[in-house]
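Comments concern the structure below.
Order as written gives the chain letters A, B, C and D; numbering starts at 1 within each chain.
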Amino acid sequence: MKVAVVGASGYGGGELLALLLNHPKVEVNIAVSRKLAGEYVFRTHPNLRGRTSLKFSPLDMDMITKESDLVFFSTPHGVSKNLVPKVLEVGTKVIDLSPDFRLRNAEDYPKWYGWEHPYPDILRKAAYGIPELHRDEIRNASLVACPGCIALSGILALVPVAKAHMVEKDKIILDSKIGSSGSGEKPSLSTHHPERSGVIRPYMPSGHRHTAEIEQELNLFGGDGHKVGLSAHAVDIVRGILSTAHVFPNEPVEMKSLWKAYRDVYGNEPFIRLVRDQKGIYRLADPKVVVGTNFCDISFEIDSHLDRIVLFSAIDNLVKGAAGSAVQSMDIIHGWEETLGLEFLGFHPV
Amino acid sequence: MKVAVVGASGYGGGELLALLLNHPKVEVNIAVSRKLAGEYVFRTHPNLRGRTSLKFSPLDMDMITKESDLVFFSTPHGVSKNLVPKVLEVGTKVIDLSPDFRLRNAEDYPKWYGWEHPYPDILRKAAYGIPELHRDEIRNASLVACPGCIALSGILALVPVAKAHMVEKDKIILDSKIGSSGSGEKPSLSTHHPERSGVIRPYMPSGHRHTAEIEQELNLFGGDGHKVGLSAHAVDIVRGILSTAHVFPNEPVEMKSLWKAYRDVYGNEPFIRLVRDQKGIYRLADPKVVVGTNFCDISFEIDSHLDRIVLFSAIDNLVKGAAGSAVQSMDIIHGWEETLGLEFLGFHPV
Amino acid sequence: MKVAVVGASGYGGGELLALLLNHPKVEVNIAVSRKLAGEYVFRTHPNLRGRTSLKFSPLDMDMITKESDLVFFSTPHGVSKNLVPKVLEVGTKVIDLSPDFRLRNAEDYPKWYGWEHPYPDILRKAAYGIPELHRDEIRNASLVACPGCIALSGILALVPVAKAHMVEKDKIILDSKIGSSGSGEKPSLSTHHPERSGVIRPYMPSGHRHTAEIEQELNLFGGDGHKVGLSAHAVDIVRGILSTAHVFPNEPVEMKSLWKAYRDVYGNEPFIRLVRDQKGIYRLADPKVVVGTNFCDISFEIDSHLDRIVLFSAIDNLVKGAAGSAVQSMDIIHGWEETLGLEFLGFHPV
Amino acid sequence: MKVAVVGASGYGGGELLALLLNHPKVEVNIAVSRKLAGEYVFRTHPNLRGRTSLKFSPLDMDMITKESDLVFFSTPHGVSKNLVPKVLEVGTKVIDLSPDFRLRNAEDYPKWYGWEHPYPDILRKAAYGIPELHRDEIRNASLVACPGCIALSGILALVPVAKAHMVEKDKIILDSKIGSSGSGEKPSLSTHHPERSGVIRPYMPSGHRHTAEIEQELNLFGGDGHKVGLSAHAVDIVRGILSTAHVFPNEPVEMKSLWKAYRDVYGNEPFIRLVRDQKGIYRLADPKVVVGTNFCDISFEIDSHLDRIVLFSAIDNLVKGAAGSAVQSMDIIHGWEETLGLEFLGFHPV
């Protein structure tokens, strides 16, 4: 099967290329980068040196629609919304890693992204690309809109307690810590190594756009009225997100019912691990363990001092938080083994 | 003035030595380390090479009481409680960086530390070593009990809103991120570089002992009933704490009243900076900026989406969070300029 | 095929487990750790959580020889020398990652390791596990002795110029930089995160044991008389070695002949990449690019100012420098595709 | 005394500001940044927040010459060569951290920097700003040209053996490892955190401009004919350089004569520490120890296997390698205590 990646010079696009080049069912024949068209892909993504002699292509929608069986978009917000419809038109499926089709309600775009959405109809038909929560819709969708990386980490941690109606809906705190690759591939002062190294920098105390996706999913699974207070911090790693959710139980809660809530939702999921060991230094979720993998590790704890549940989720923002989920959706769409191309176990130590 | 440091081989003790060796009014004449007695201090604290030929001494309380005008303790919990009284007895003042005299109520020790406190009377008379909140008591105290590092970061962030009765008392979330020096100088698997590097590790989701100190101070300044849900995370830096507090306003709050609350408490404090710039990458508190300094940088933001106030405080856990506060207390006790020996501005970049 | 890993709790052993658990032809049925016998493997190697429920076994040579078709040793020096013969005795092949059978000349052991080698005969028959240089011997060997990680990086960089007799034999400088995983899994003050973070620490300016292996190989391919001055530095990464070799050409040398020397030796090697791009930030070898992979990236440059050739080689010390080379040797021995189980391309960025 | 800093928004300039603001004899009244004129200095150098309300000034040479008793330049190469003469003209002294007046021989500029030097006369009169080697010239100079950071680390390590004629002149290897602040404050792909983190990147295998300065000094102290093969590597720290020199003794050398060579040159120097301890993890020079300080730590070892001497020097590139040496020169010029404003001891751990 031939696939195209639009936005292939970024980190999400590069991760997608690496996963797809290793995937037994797929051939990458187009990697679009307007800026780097004509350049070898491996010069930008040095891990691909010796593996592919592919060069970046200019954006040529005709060629893309003609020569691809599936098109991935990994473009900055606002780009894919005008391109995706052209691909869908010819009957080719799309997996979009950008935010352009994540929100079901067109009115949320002006509010959170500052632009009107031109295709509210397509919005309504897009599947939200979290296989653990939307597997059937993904299987049948023409367009999969993959979640934002922080959003994914929050949603996977929170949906089980929301679905079980265990916690106060309007006081959901999500304190997220993220590595530098989340800022994308474009250099700036904030990502300049001397300035970015060693920080614990609160870069978005409130108002993070991913809030919209998280509330959308919590409302879907737990009923309307969820309010999430998301604060995002930059820490000195390259890959990884740890999201810590602090939530308040409606009624006294026991560990047993927490386990049940998570097992009910994630019982047989190949990429969710419930991590709660009695001993050892890796007894709780830590993104270090999932670097390079498609796993989302989830932990939970009850604070008996204050009435509080603490949830942790750890992902690699570029894999489960972007390219890995996209490949998982591709596998689902085609009826392949869902772990195909995503077998990498991760490292220890790294 | 001659001072002794008991527990001088640890990181708090080493930082204390460095500050004291640079202090114009002080002479360090005893640096106790039972384990390293007889060894050169600079072998353990290599920054002191060429600056001092001091060797570690064994613990000899007679010598200490005889030859010191002031004694610092920087010992693991449970050690100083039996030694401090011997120093006080001879009329020599003590500044204790350990937790042994931090809690006013003796009953809190069995609960949080697992041992009975042998000297409830001394407990009651100890000053809690946060100059910004207890300057007068420190000035007149025989014993200053310096706060825990995470506790300090939480207290300095939270006291102004607690004092102003602005927030819900029983839903105070404190999400703290701390560097590896906070684990002390003793190697273990959890601090082994390959295992500790690159983590965002939730090492204490609830039940952290510093909770007790924080609530004690909030209750003191804001009235009884404060409940703090503290979750501590290890991140890949050596020095520094960022504490993010998520609190819920009792009534709608405006930025103006937040500014007022913080200015009322910290108006002229030499080591508190209220950081809230309109632009730039350092517009909010970040421990990277305060590495090596005695500053506590504090930021605040109102989340208009959810009713929430987000507070940030950044300190160097070994300076403001330990040795720096101790030196500041020493300066206060002796009527010296409070910034004496603490002038270091920090680095950029680092 | 059933394999046993002796020394499975260390970093080399853990990496071996991860590679073998992903290998389509192999079943790991024994993972020996004397210290952790009975514990779940995934508690020590958290990347294996959910992938294996294997527990560490005690060292039971009878069981190992009975139930394994191939035995890997990843033990500290001095351990395998007494165990390997028992495995060979029953006709089972061994791949040893430890130094116990690396040196052909038994007399080198007292000199470099401080102990007499009990089996000089076995020493002489062991294949040295660098597939690029000893493929045929490995194919037919009963015992493969894998190279030391720094040794491998030096050998792969230097053999082509040694074989081509291009450089002065007795002035070979090898300046190596290595990550913390090279120190093994045992915590100590030197690997304690606060002490190990941020260093560029010259930990072995001369006398490094790997010198013996490097000279053995250079003498083998380039004639007797090679003298290597190896200096090893610890840098603040977990995985990776960059070795910089500074050598002096016997006669003026041109880039063309350097290229020829490297292509002659590594022309079709699947895991050697000659990296010398005209532009980009990855135009020369950098271990960041090979993290997690079995690649050795090699670069070279002629210094026209001083008569000098500068060589760089970059490996992941735990993969190409240990477990990956071992798996590659296993693949060769069994006539499998040499890249089997070693397809991982690495990450960008990481 | 009033001083101006031209080029104050860079890292060298920022460090200079921090040192000068702490210096008891100096008042900074002008901080020039063409790009940031009008902006608060503390927004760029956040460590100065609360310490100074200075704003960056535009470049106004009239104002600078009129209102400064001393002018520092910390500008990119090629800038100060045209500005410095205007300051000298009015009789004001200059300390230049840029390379524009480092080389005595005007013909070296086209060769190493690609431009003709417009003021060969001034070049000849400039003092080279290494106090340990040129104290008297500095005291009497109108213009001090501070050394390059890598150059300084190489020169301080090598001059003693060059002066003692102990080593082969034309085979001097200098393998340097440097942190990211050495790249300056301007973001680029090579300093983008995701790309720069975790590297051991050989960014300048040969042809580094600092070679010219190093050879100039070695020839001055050890006679003509020195050839230095300098290879520079970027490592994952922000501040610090470790330079490892590999040199070949002319005749067999003993440790005693090495000690003598270094003591002869650096006997009483306040900022040189000869580090060679028998035990401990800091027994050799490591830049981690000197972060923030003006120290240059130097170590040496004889390799008895190969005839080789290994030298190590560790500095903070922004302090001893830039602003610290400049302040030290200022102190010398004015007859002040040479350590004034440079007392900072460094941290442990950091």
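FYI, contacts are C-beta pairs under 8 Å (C-beta built on N, C-alpha and C of every residue); 3 or more make two chains touch, one makes a residue touch a chain.
Nothing here was measured: the structure is a model prediction, and the numbers come from that model.
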Just grab the chain with the largest centre-to-centre distance to subunit C, centres being mean Cα coordinates.
-> B
Counting C-beta pairs in contact for B-C and for A-C, the higher total belongs to A-C
Calculate how many whole Å lie between the centre of subunit C and the centre of subunit D, each centre taken as the average of the chain's C-alpha atoms.
-> 38
Where the centres are mean C-alpha positions, what is the separation of subunit B from subunit C, in Å?
-> 46
Euclidean distance of C-alpha centroids - subunit A vs subunit C, Å | 36
Set of subunit B residues in contact with two or more other chains | 11, 181, 189, 194, 197-198, 236-238, 286, 291, 349-350
Would you pull the subunit C residues touching subunit A in the complex into a rising list?
-> 11, 14-15, 18, 21-22, 43-51, 181, 238-239, 273, 275, 277, 279-280, 282, 286, 289, 291-293, 295, 297, 343-350
Which part of subunit C faces subunit D closely enough to touch in the complex?
-> 170-173, 175, 177, 189-190, 194-195, 197-203, 205-207, 211, 227-229, 231, 233, 235-237, 240, 242, 244, 246, 248, 281, 284-288, 291, 299, 301-308, 310, 312, 314, 349-350
Flag every residue of subunit B that touches subunit C in the complex, lowest number first.
-> 11, 179-181, 183, 185-189, 191-194, 196-198, 236-238
